[in-house]
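The letters A, B, C, D and E name the chains in turn, as written, and every chain counts its residues from 1.
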Amino acid sequence: MALLEVEDIRASYGMIEALHGVSLEVEAGEVVTMIGSNGAGKSTVLRSISGLTPAHAGAIRFDGEEITHLSPVEIVARGISHVPEGRRCFPRMTVRENLELGAYLRRDDLAEDMDHVFELFPRLAEREGQAAGTMSGGEQQMLAIGRAMMARPRLLLMDEPSMGIAPILVERIYETIGEISREGTTILLVEQNALQGLAAAGRGYVIETGHIVLSGPADTLGDDPKVKEAYLGA
Amino acid sequence: MSAGPEKAAAPKPAPEVPIRAEGLTKKFGGLTAVSDVDLELRAGEIAAIIGPNGAGKTTFFNMLTGLYRPTSGRIRRGQRDITRARPDQITALGVARTFQNIRLFPTMTARQNVMIGRHSRMRAGIFGSIFRPPWVRNEEREVWERAAEELRFVGLKPELLDRPSTALSYGDQRRVEIARALASDPEILLLDEPTAGMDPRESGELADFVLRIREERKLSILLIEHDMKVVMGISDRVTVLDHGELIAEGDPAAVREDPKVIEAYLGRGATA
Amino acid sequence: MPVAFAIHDLSADGSLVRIGNNLKDGISNGAIWALVALGYTMVYGIVELINFAHGEVFMIGSFIAFAAFGWLGLDLTTAIPLLILGLALTLLISAIASGALNGMIEKVGYRPLRDAPKLAPLITAVGFSFILQNVGVLWLGGSQVSVPDLIGSQNLLFEVGGIDITNGDALSILTTIPLVLGLTLFIDRARMGKAMRATAQDPDAARLMGIDVDKTISATFLIGGVMAGAAGLIYALYQTTIWFHQGFEAGLIAFTAAVMGGIGNLRGAVVGGLIIGCIQQISDNRIGPEWTPVIVFAFLVLVMLVRPRGLLGEETRQAG
Amino acid sequence: MSSVLERARRIDQRFLVAAAILFAVLLPFFFDSGSPFMDDAVLALAYVVMALGLNVIVGFAGLLDLGYVAFFAIGAFTMGWLGSTFYSESNGGDGIHILVTGAASNLPGIHINFLLVLVAAVVFTTIAGVIIGLPTLRLRGDYIAIVTLAFGEIIGQVAANGDQIKIGPIWDATLGKLPLIPDLGSSATLTRGKLGISPVDKIDLPFMDPFTSLNSRPWYFVALGLVLLVLFVNVRLRDSRLGRAWLALREDEVAAISMGIPTVKTKLMAYGTGAALGGMSGAFLGSFLNTVNASQFEFLFSIFILAMVILGGLGSVWGVVIGAILLSYVNSWLIPDVLNGLPGQLGLDFDLTQVSFAIFGFILVIVMILRPEGLIPERSRKQEMHGIGAGDTAGAGTDVELGEAG
Amino acid sequence: MSQRRSGLLAAGVAVVALSFGLAACGGSDDDGGGSGSGTGANEVSIYSSFPLQGASRPTGISLQNGVQLALEQAGNKAGGVDINFVPLDDSTAQAGEWTPEAESANAKKAVQDDSAVAYIGTYNSGAAAISIPILNEAGLAMLSPGNTAVGLTSDAPGADTGIGEPDIYYPTGERNYARIVPKDTVQGAALAGLMDEDGCTKVGVLNDNEVYGKGLAANVIDAGSKFDYEFADGGAIDTQAANFRSTAKDFASQGVDCFVFGGITASNAVQLYKDMGAAMPDAKLYGPDGVGDSDFAGGLPADVASRTKVTVPTLSQEAYGKEGAKFFKDYAAKFGEDENKIGPFAIYGYEAGKLILDVLDRAEDPTNRADVVKAMFDTKDRNSILGKYSIDENGDTTLTDYGVFDIKNGDLTFDEKISAKPST
């Protein structure tokens, strides 16, 4: 049984359906990347899993339990953390406060996790007392990932960690993603930056206009001409 | 006021460069969304702006249409400096647009939406609206018919004309949005991801339609687009933005082979 | 304007005593506005709603305090230790009751409308404001009611450099300071306080942290109401007169203070409240008390038009 | 339910309108011309005019105006200034009389024919509307509500303290020297404060006997005439280029301005029109109530009128008419005369009149929560209020910096 | 839609309209009210209009009760006709005081009732300014037990002759309004004289910007000009203000040692006197009849109350002799009040009722409005519970007695009687 099973979900914004039946699986310990161009529905898949845009049809199961209609709070409590598109750090809070909020549902001691995040991202340790809104995009991305890690998630959802970030930092972030995966956290990643995203993953899905059109091992998927075609045209 | 309305002025001969951005920059707080971009749209061409998510394309559009005020740089419409002009003034100068996430007026019918697009070319003021003299009646009737005409032009089925816009299919809503933009008799049409959310067949149809618009309406089109098939198929020139900066410009084929572009899209090592 | 009057005072008699006394009165008046403004700014910060009924919650707080004096048998003959105990108890009663009232209004009037157009909850807020005003009218009648002057509000406590500090001044300032400090500490440090700030800054991201946004919003209303209830007690003791209409003006003043300070900014709201208190005092003295409401409203308009994002720094929610 | 609505829709609307007007015209002939019912009817019609004016602002343009009483005040003061003995020293004490007959023509002060006063009231309130609106209408929706409220309060306070504002000397030193503009006398003040300007000239129309406070019938017909005029304006504006533009701005401001609709100018037209209509009704009420008194111009009044618009249905012309008539009678008849003792019968120790404003507050709350589109909804509002397609328009004003005028 | 259907509907509407109209008014369609001719019926209506809500409620209630008592004692009969008493309220709960709309509606209600022959009211002079002209047009007699503003009846000092007082209130040119309380030139002189007796040197004056308060303040200043003390005129107050401490401090710094307020209790008078008393710990405080009620007297703290004197056109209960004693006893019994705590205005309400009964007796036709007005103005040397008085051609009483009241234990207690002589 996979850790996460998404079965034929549909989700809409108002009158417009963004997902027309999407299915995917993520096994425990895996890194899975979903790629696709803008507006294909990548973010919506993640939002449906974390309960922000609940699916109105289909089912989402986490560790065997159906979570389709749970509230975001209950989903976080079950061990799914979501690093949202555009990072969404709390701009007028310090780095430390952002990290503390990541562990909002935990009542135990945070010191160890805090140290761990600072280990992953030494840059954050330097800026511990700085307001998140004043940091660069890359630093905010680090913070958003660190914040999600503070909940000790079993599954980490990441939405375009490379978006709008200088290439050097993108590499730095992907290195850390690898580290997080090696430590045993399962990751579902969504990327527009296809090769970058697939390079970090074991398996991949390609999504186009609300449908999964392709799936397979990440290394073969990256070479598939269809991917290039989808992005850059034939 | 007492004189009858003039007929909508015949389109003036298009100036050499209908719209031009010079060193356009927009900062939000510490973030630079668009950085020192020069771009011009030539008369009668279809130009595309492409780039990954968050590259600053829509911000650029919003500056051209007056929704955002540039932090620095200039925008010229022909000979005129419109850097600080209001959106309605820019529309009146013949610039019309659509939105990435369709922004039709939800409770209005398709026809009413298109009639709004005609607003800047109408003259009825408060007294005209209240007393409705003959010229206002004529104006209303003309706009009423013109709206139907535009909707026919974009291919909306006649029976959908007076349906609320929210009751229309996604593709029809896109069509209505374009009709609404065309209703203002623009010389320049800005399309923000016109194929977003369409399947390949619909996208192809739309691409053909954009070409037809240019043919029949003799206007210049600037579009933001993600669907590379569409971009490659119809644009005369492509400009690539990444991180708010212009990284490449040229004809589609050349841009597609530009390593900087491939890297921006597919990531490092893609060209290796 | 205050500066101009200060200069005029100096050039007239070379003394700062008068302006000093004015500022002192302004600060003790303004401290009450500050407490009311805190609730305003917290609520606006988190749900972007002008809680028009907030001033009325403050008024009801005053009324409850007045009633509590009766229940507890506090009057001018009560011995001082008992009086202090009784007032502390009253503070508790009126703060909790006002908090509960504000929370109830949120649940009944605003929560069902969270996804409606923005003007809808504002209209219900106006409706609640009227309902509460009428409750006030039924409770204590249509005009000002005298409250026993338990603390000898106008009695001189001490004098510094010609500035008279009365019992009322001391009460107002000395109650407000710990309340404001306590609240800022709570918002800064407490788990719920952090949840409030997170929700105010980005509700969706807050959900992803596991924060129950509905509960957090309720808590914000509750705490805002508690502050208003405390302000209600202080007002009753300081002014020694209460009436159903006191909340209307207080609400508008508090809203102005909140906007001045930058919506969502607690310290800003407090400073805004104090500034308006001083403006009122100076206007009372220099232009005439009957014109003070006009001055305050004109100031409100000016603030909204000139600096809708606040004089003291921007703290509005930024898009994603 | 829906079948009833369907049937109602099928009935030719024009016929319904004609029947309603006929009914309104015939109504006074079934009642004693001086009966309280007729008095209440005149008030109700004046409130219909007010509510339709506010409907242009709140219903059509979607601008929540909490200070509509300002226009009532300015309209009423126009009547007080130009139709009473208030400026008794004007024209050297001889007074000014323009097209007035009867008692007023011999009194000191300014006495100008009601129809001219009505025009002046429209001019004054429109100017005031533009002055208030120009800076205000750039703000976001909820801020507009508060700023208009503040303006309403300022005007009320100035009315209350206006007896301290001596306009005579300034007037006479500047305007009074011009030809055709009379002096006001050195002691002329802006208002008479809480003392109120009273009595006020009665309406004086050509070919009609002078109006008296004892015979409500002529007042009724004048008010009905104003209602018809204002209805005409409402209906015409709703179905016009402007009406469409208001709807567009309401639904998606960013899209609307991108389609070439100038925000401030378009909103200003709504605000100015609403102001003018409120001013007309204000002038009428000044004469009908026979007093222009600062205590009339309170926030309560703004909310009273707002409740009519909301109960009837924001933007729904006929709904607003019904809402205004209903609430007006609830206020002047149902609460005080019919149900006043109800709480007493239930063993409660108060009269219903004591809670009349809680009742209006309650109406606001209940309507917003249960039926936000009002009794007779306007189609687009109904969808909006139930969140269909309203989408991200709520925040639309905030994520765009609008260019300033100029 | 078919033509037939519209026709049916039209008929339906017409029928509904007809039946609605007929049912509502019983078909009467004559020109309502004000005809002046007697109806020949043997029942007349007497209206009263007093504020029954807000701070003026105690006064309004005692006035209304007084009228009611007088009428009931006469068996609701006078001049051979039955009397139907219709008490009205000219205040609203929300305003907490009288409102122009309410007073205007009351006056119209009376005017439109063909059986109405007298209107007893108002308490507030501002309200009278609204209703006098309306009643005047209908020729309906109005009798006030409470209005003291000068301009309602005469152009003596205190009247605003600029706007044409008092004539503007009488559009027909005929007088229809009389009062049994002395006008404020009398009270102004009483207060001014009292302050002179008490040795004031500088008198602070404020008013509440209403017809009564503003006029009274002007009358006090006018009457006080012949004495040695000075005035500090602070003008009008904002009655909605939370406190008046800055004005009080301002007076204190000017060396004010006496303070008088032209206004009523509903104008936030308690807070005003509290703040004045606190800022000027030695000053003497004076109030007019507008604050002569239990809300005011009971609201003041003891140290302020002990320095406050109130003038009321009423005397001690003993001063009214046997008839008075009986009145107070009856009133207390009927309305369940403590005989010693009856509001000072109750007796004026009572006398207003008595006078109207007398007027109806004397009127040629008590159902004819003009006759009633004539009889009211014909009141000469009437021996009343208040003493012997006449109504002059302006409608003013010839009484000039004022009582000075102290406040003891929160109650107004009679101190002395002053007979003031106004300067004009």
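Basically, contacts are C-beta pairs under 8 Å (C-beta built on N, C-alpha and C of every residue); 3 or more make two chains touch, one makes a residue touch a chain.
Since the model is a prediction, treat every value here as computed from it, not as a measurement.
Graph distance from chain C to chain D, where chains that touch are one step apart, equals 1.
The chain with its C-alpha centre at the largest distance from the centre of chain D is A.
Comparing chain pairs B-D and A-B, the larger number of C-beta contacts belongs to B-D. Here D is the chain whose Cα centre lies closest to the centre of all protein Cα atoms.
Farthest from chain E, judged by the mean position of CA atoms in each chain, is A. Averaging Cα coordinates per chain places chain A and chain C 43 Å apart. Centre-to-centre, using mean CA coordinates, chain A is 56 Å away from chain D. In terms of their C-alpha centroids, the spacing between chain C and chain E amounts to 39 Å. Chain D and chain E have Cα centroids separated by 33 Å.
Counting only residues that touch two or more partner chains, chain D has 160-161, 164, 354-355, 357, 384, 388-391. Touching of two or more other chains is recorded for residues 53, 92-95, 209, 235-236 of chain E. Of all residues in chain A, those touching 2 or more other chains are 14-15, 86, 133, listed in ascending order. Put simply, chain A touches chain C in their complex at residues 50-52, 71-73, 76-77, 81-82, 84, 86, 88-93, 97, 100-102, 104-105, 133, 147-148, 151.
Considering their complex, residues 53-55, 57, 91-97, 209, 235-238, 240-247, 249-250, 265-266, 268, 270-271, 274-275, 278-279, 299-301 of chain E touch chain C. Chain D meets chain C in the complex at residues 62, 64, 66, 135-136, 139-143, 145-147, 149-151, 153-154, 157-158, 160-161, 164, 299, 303, 306, 310, 350, 354-355, 357-358, 360-365, 368-369, 372, 384-385, 387, 390, 393-395, 398-399. Residues 48-50, 108-109, 112-113, 115-124, 126-131, 133-135, 137-138, 248, 252, 255, 259, 288, 290-291, 293-294, 297-298, 300-301, 304-305, 308, 316-317, 319 of chain C are the ones touching chain D in the complex. On the side of chain C, the complex with chain A involves touching residues 191, 194-195, 197-198, 201-202, 204-212, 315, 318, 320.
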